[in-house]
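Have a look at the structure below before the remarks.
We call the chains A, B, C and D, going by the order they appear; numbering starts again at 1 in every chain.
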Amino acid sequence: MNGNSIGKALVLTCFGETHGQLIGAVIDGCPAGLPLSREDIQTELNKRRPGQTAVSTPRKEEDQVEILSGVFNGFTTGAPICLIVRNLDIKSENYEQIKEKPRPGHADYVTHVKYGGFSDYRGGGRFSGRVTVSYVMAGAIAKKLLKQINIEVLAHTIQIGNVRITKTISYEKIRENVYNNPVGCAVPELAALMEKEILKVMEEGDSVGGVVEAIALGVPAGLGEPIFDSVDSDIAKMMFNIPAVKGVEFGAGFRASSLKGSENNDEYIIENGKIVSLTNNAGGILGGITTGMPIVLRVGFKPTSSIAKKQRTVNLSKMEETEIQLVGRHDPCIVPRAVPVVESCLALVLADHAIRAGMLPRILRSRK
Amino acid sequence: MNGNSIGKALVLTCFGETHGQLIGAVIDGCPAGLPLSREDIQTELNKRRPGQTAVSTPRKEEDQVEILSGVFNGFTTGAPICLIVRNLDIKSENYEQIKEKPRPGHADYVTHVKYGGFSDYRGGGRFSGRVTVSYVMAGAIAKKLLKQINIEVLAHTIQIGNVRITKTISYEKIRENVYNNPVGCAVPELAALMEKEILKVMEEGDSVGGVVEAIALGVPAGLGEPIFDSVDSDIAKMMFNIPAVKGVEFGAGFRASSLKGSENNDEYIIENGKIVSLTNNAGGILGGITTGMPIVLRVGFKPTSSIAKKQRTVNLSKMEETEIQLVGRHDPCIVPRAVPVVESCLALVLADHAIRAGMLPRILRSRK
Amino acid sequence: MNGNSIGKALVLTCFGETHGQLIGAVIDGCPAGLPLSREDIQTELNKRRPGQTAVSTPRKEEDQVEILSGVFNGFTTGAPICLIVRNLDIKSENYEQIKEKPRPGHADYVTHVKYGGFSDYRGGGRFSGRVTVSYVMAGAIAKKLLKQINIEVLAHTIQIGNVRITKTISYEKIRENVYNNPVGCAVPELAALMEKEILKVMEEGDSVGGVVEAIALGVPAGLGEPIFDSVDSDIAKMMFNIPAVKGVEFGAGFRASSLKGSENNDEYIIENGKIVSLTNNAGGILGGITTGMPIVLRVGFKPTSSIAKKQRTVNLSKMEETEIQLVGRHDPCIVPRAVPVVESCLALVLADHAIRAGMLPRILRSRK
Amino acid sequence: MNGNSIGKALVLTCFGETHGQLIGAVIDGCPAGLPLSREDIQTELNKRRPGQTAVSTPRKEEDQVEILSGVFNGFTTGAPICLIVRNLDIKSENYEQIKEKPRPGHADYVTHVKYGGFSDYRGGGRFSGRVTVSYVMAGAIAKKLLKQINIEVLAHTIQIGNVRITKTISYEKIRENVYNNPVGCAVPELAALMEKEILKVMEEGDSVGGVVEAIALGVPAGLGEPIFDSVDSDIAKMMFNIPAVKGVEFGAGFRASSLKGSENNDEYIIENGKIVSLTNNAGGILGGITTGMPIVLRVGFKPTSSIAKKQRTVNLSKMEETEIQLVGRHDPCIVPRAVPVVESCLALVLADHAIRAGMLPRILRSRK
């Protein structure tokens, strides 16, 4: 009956509701001496901010972060860092009907059962995708920590509906293009097709899903604590905490299930005096420990549950069947805005493990 | 630098190495008053015991469980339960070469790095699939606990290499057939094809992967602690702790990424006075909380890393490229023996959450 | 390098610095359906508010609590509850000298070492007694939870300096008198003497210590999870997190060390059909589990470290010996204001254990 | 309903019952590369072995440790280390009466309630002082780890009944004398008096309590994770997990409660280029963090609950008052044998914190 904290060395605790006063995060375990400004976090938040493109929800939130604790004279102190974003553009009146009529695909019904009718139902309350604001705020710190040890985290949209990237994309292209188009895709031509795919379902009052690929570069061999705190299991756990995620796979993923060992095994060679593998079907992880090759994973998102079409549901207090038609402001496809969220989640897990493994020191620089 | 415990209310701690003395598990948090015998656990262990079929490793292990603590007069006491299985049929001489030459696809190289050359390399040591003996021992207890509240856990092979089940299988068929054939498939004709697929790669000195589907029946709505101890994230974490797993998906899974919301949403109706959904694309989980519909997930396994074919690798002490050819006894496909492991892992997470949610009482019966 | 969370079922996460913006607490795991208002928490906070008596610090803080999340329509929702109190009356200029010259008895030197000079030194920063605001805020919720199952928590000052209570005080007297005098003592005549003791040291520019006794009534037998989450070890751990605590003892405590078994053992009898003990030297706890008798413990506080007298210290950057004379506003004796803090800490541990033991349901009432 | 694990970086999980098959411990998180032999652990176990002196229980246990996992070729591997000691000299028939008639001072009654009558009552089962065998086994490893960073842990008896040490004892004397006499006291003359005190109560069929002081030398400043994982709160928690402990105090302890700040504060000076304090009333800990001065604490033990005298109790199944007279083999004073247990507990907490703080590397030496 708790569970709003995650991580063992770098611990993220989240709070807040989408139509409450704010979304907040406490990050505990950040080493002292990291330079940290409001802008560092704001930059990351801006990547997922709603209301910025034609294919995103019209809800306008400035999402201005406030640092409430743990930073002093521009550096982290080693004390817990509390970050908040206030909710401003709330229109809860749209949500009165869902108090009684749970929306298909949303958590309305299960939260009603679990919390005996006491949960904040407005906009999904604690179960809205808006909780990922806290992942991104915390992720901003994690990314800065990882940068200290030259680890970089990337993510990009590789599928929206039936439009899917089939070729390998260079890291350079991902860095350049992902945040230059409204769908988070690194290939401009496909980005255009994906946008069209979304606009099409929008017109139909429908929604569509997609897949985000995440990559971590520069991760040394040896991160991950077997057998239960393996790095893949921790990444997977974190990703499934993003609303709408229904699948996670690493490296060759489910495709490996139809391969032979001789096809799937990554053979070792020596390159520039370093042991590397010829292929990376493992996605950079073997036995739950990083191999030194890039970590590669894919996160599958279902289509946004909120659609304008009429749907069957039940009236919870009358216990009778009925219908629901949603108004309100929703992303027709959550995937574009999920890109920075996936990035943040990957960064959080890696920073946690880097501290656990002693790869990140407890005091980052000397104070003079 | 630890991580051999998992669970919050029902905590599993594992120890032991494949070519060490034993594999062990401590289960802490089991309610008092559960009747528990050696046979209860042995029955489950027998399902994954090696050396039983033509498509499994010739390593012969009796895998006889011993209950060392926590059970008194046939009932659990509420104290931690320690279970062990001794390793008997060990041929470590086959593994001397891997001390220096890491096997592609295995954890040899990463453990060498992580533990500075001190890890037990024999047969993969702590990183062998044999550690799943402890999951199955603990899972046996979890299943008995779940039975108290009428939750049943099933698993079956749905794919081996390129042979894949395409139709829906009844729960009845799964219960009847899974442990009646050497591949864990509920459809006899497909089981035969899967066996052939494995025999074919065996002849080639190769291996093959596959997919296991797991199902939990009777789970009430309301299990799962958001946002980070959601039931799907905890199940995924547990599954990725099974060696060779590269993907996990729930319900419609990655397929949902190409669906529209109107296709993917599960509409609610009332059936026999209970709220159910017309479809179950959610796989029984929304917002990380169970919906009352069956939990359905798929776990993708890569092909066994040990193959008889010659592979490129490096010599760690000489830091030069070389080749390796494995002898030793391996499963050409890990999937059939993974079926009871997946079952156990699902049972463990659900029992943990059932206790957390107060659905399983702390004393199971009254002592007279 | 973290550690700002405590509790397993009811988890308290704290943040904030004494001269920063605020002191905050996130309470995760509170059952849904608890009526909770700002006043519920404010009432408790007012008990420890500074600046109210002649023997307390002149720092004037209104300590007005704000509920930022987790409460909806007057009831807890099951989501994490974030509470904050803003710091208003800050005079940090008094603290510039301690940046270089650590105050004896305070954490200045050790935090300087631990955080490499990056910690917020103003007023002790994260290590000020002001962090106990978060314990009291969380304790207010814990007390309300315990009330649901008829558990009451009391605390009172039993010693200040050399003035010590020697007789047993009735619970009634404690309830009536503790918050009616400036020292938190239940015996009016002794309260007067204690106040005099404090005024005397104040005049000398000195400070004095004392002892608080805490009692929990109505605790049923069976709380506590052995062997490491025993209820006494968890209470002790929590109490040592109150700044200035140097000793904790239960029941007969250290006095039991000079007793014989025949003197110390509490014999069982039956009273009104219930098993009780004739004496309570155990302080309500045996084997780490509650006995059903009142929990009784004593918490020893050292004298306030801040004194006006000149003291020897060192200059950290010059690494030379020097002296320090403190200005600033301090309690000459922390004990009176520690009474509600000790109460809160006891309540928090008991509420945590009550939820773990299944004595507090996850949904407290039915919503209609 | 669990709680048999403790520690965050170095995690100890315990299992086993005093009249069951064995007492066991799993130590997870031990760095790789520590030389570890059976003798290392046996040496520590021998210090607490029963049946060795006139003032200890006549129960004869060889207490031979077996290392079941985690050690390979004489070094720790980084994998969990399982250690067990088998119970050999069991006479459970002495304990049949306590099934119905709880012994005053023991956990019989509370475990009966907590576990609904299913707990192993023989000899106290899981609640016997014999569980401390696992603390000592784990402590042996902790001590070896601490030795790597030049931390030494000492403990000695300072009080038995009314015989109490009043002078300061040199560390040298403690090292030399503690294990040379049957009561664990460093002052030979007092040791003789203490032994007499115990023999006197033995004759009376009674028992007596006492106090153990523990000291840690060489601990650098900066260990401890505020605010809830402070090093004093973690030490206190661990100590209260030793059966019969009723009080814990650090440095000046409860005596500080009657001191003035000017008397209690430890002023800083520079000695040999290092910052030290003139006194050590803090017991080496300020704000929950180590100061670099010796850690000093005292642990108060109640008299052994098992006495030969007739005592009042109740019959649990008949719910009527009755009497009990204990036969069986008991220590008339637990304190002498608690000395190595207190040592081990202190070592465990410090080793855990040393790993957390990054003071102990994850790989202790390089493998060549």
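Definition applied: a residue touches a chain if its C-beta (ideal position, glycine included) is under 8 Å from a C-beta of that chain, and two chains touch if they have at least 3 such contacts.
Remember, it's a predicted structure, so these values are computed and weren't measured experimentally.
Ranked by separation of Cα centres from chain C, the top chain is B. Judged by contacting C-beta pairs, the busier of the interfaces B-C and B-D is B-D. We define each chain's centre as the mean of its Cα atoms; on that basis chain A and chain B are separated by 27 Å.
Chain B and chain C, compared by their mean Cα positions, are separated by 46 Å. Between the CA-based centres of chain B and chain D the separation comes to 38 Å, rounded to the whole angstrom. Listed for chain A are residues 1-5, 14, 114, 126, 357-358, 362, each touching two or more other chains.
Those residues of chain B that touch chain A in the complex are listed here as 1-6, 12, 14, 102, 104-107, 109-111, 113-114, 126-127, 131, 159, 161-162, 201, 204, 206-211, 221-222, 224-230, 232-234, 236-241, 243, 246-254, 256-270, 273, 275, 277-278, 281-283, 286-292, 298, 300-307, 309, 311-314, 316, 319-321, 356-358.
On chain C, the positions that touch chain B within their shared complex are 8, 357-358, 361-362.
Residue ranges of chain D in contact with chain B, taken from their complex: 1-5, 9-11, 13-17, 20-22, 24, 26, 28-29, 31-33, 68-70, 72, 75-82, 84, 114-120, 125-126, 355, 362-363, 365-367.
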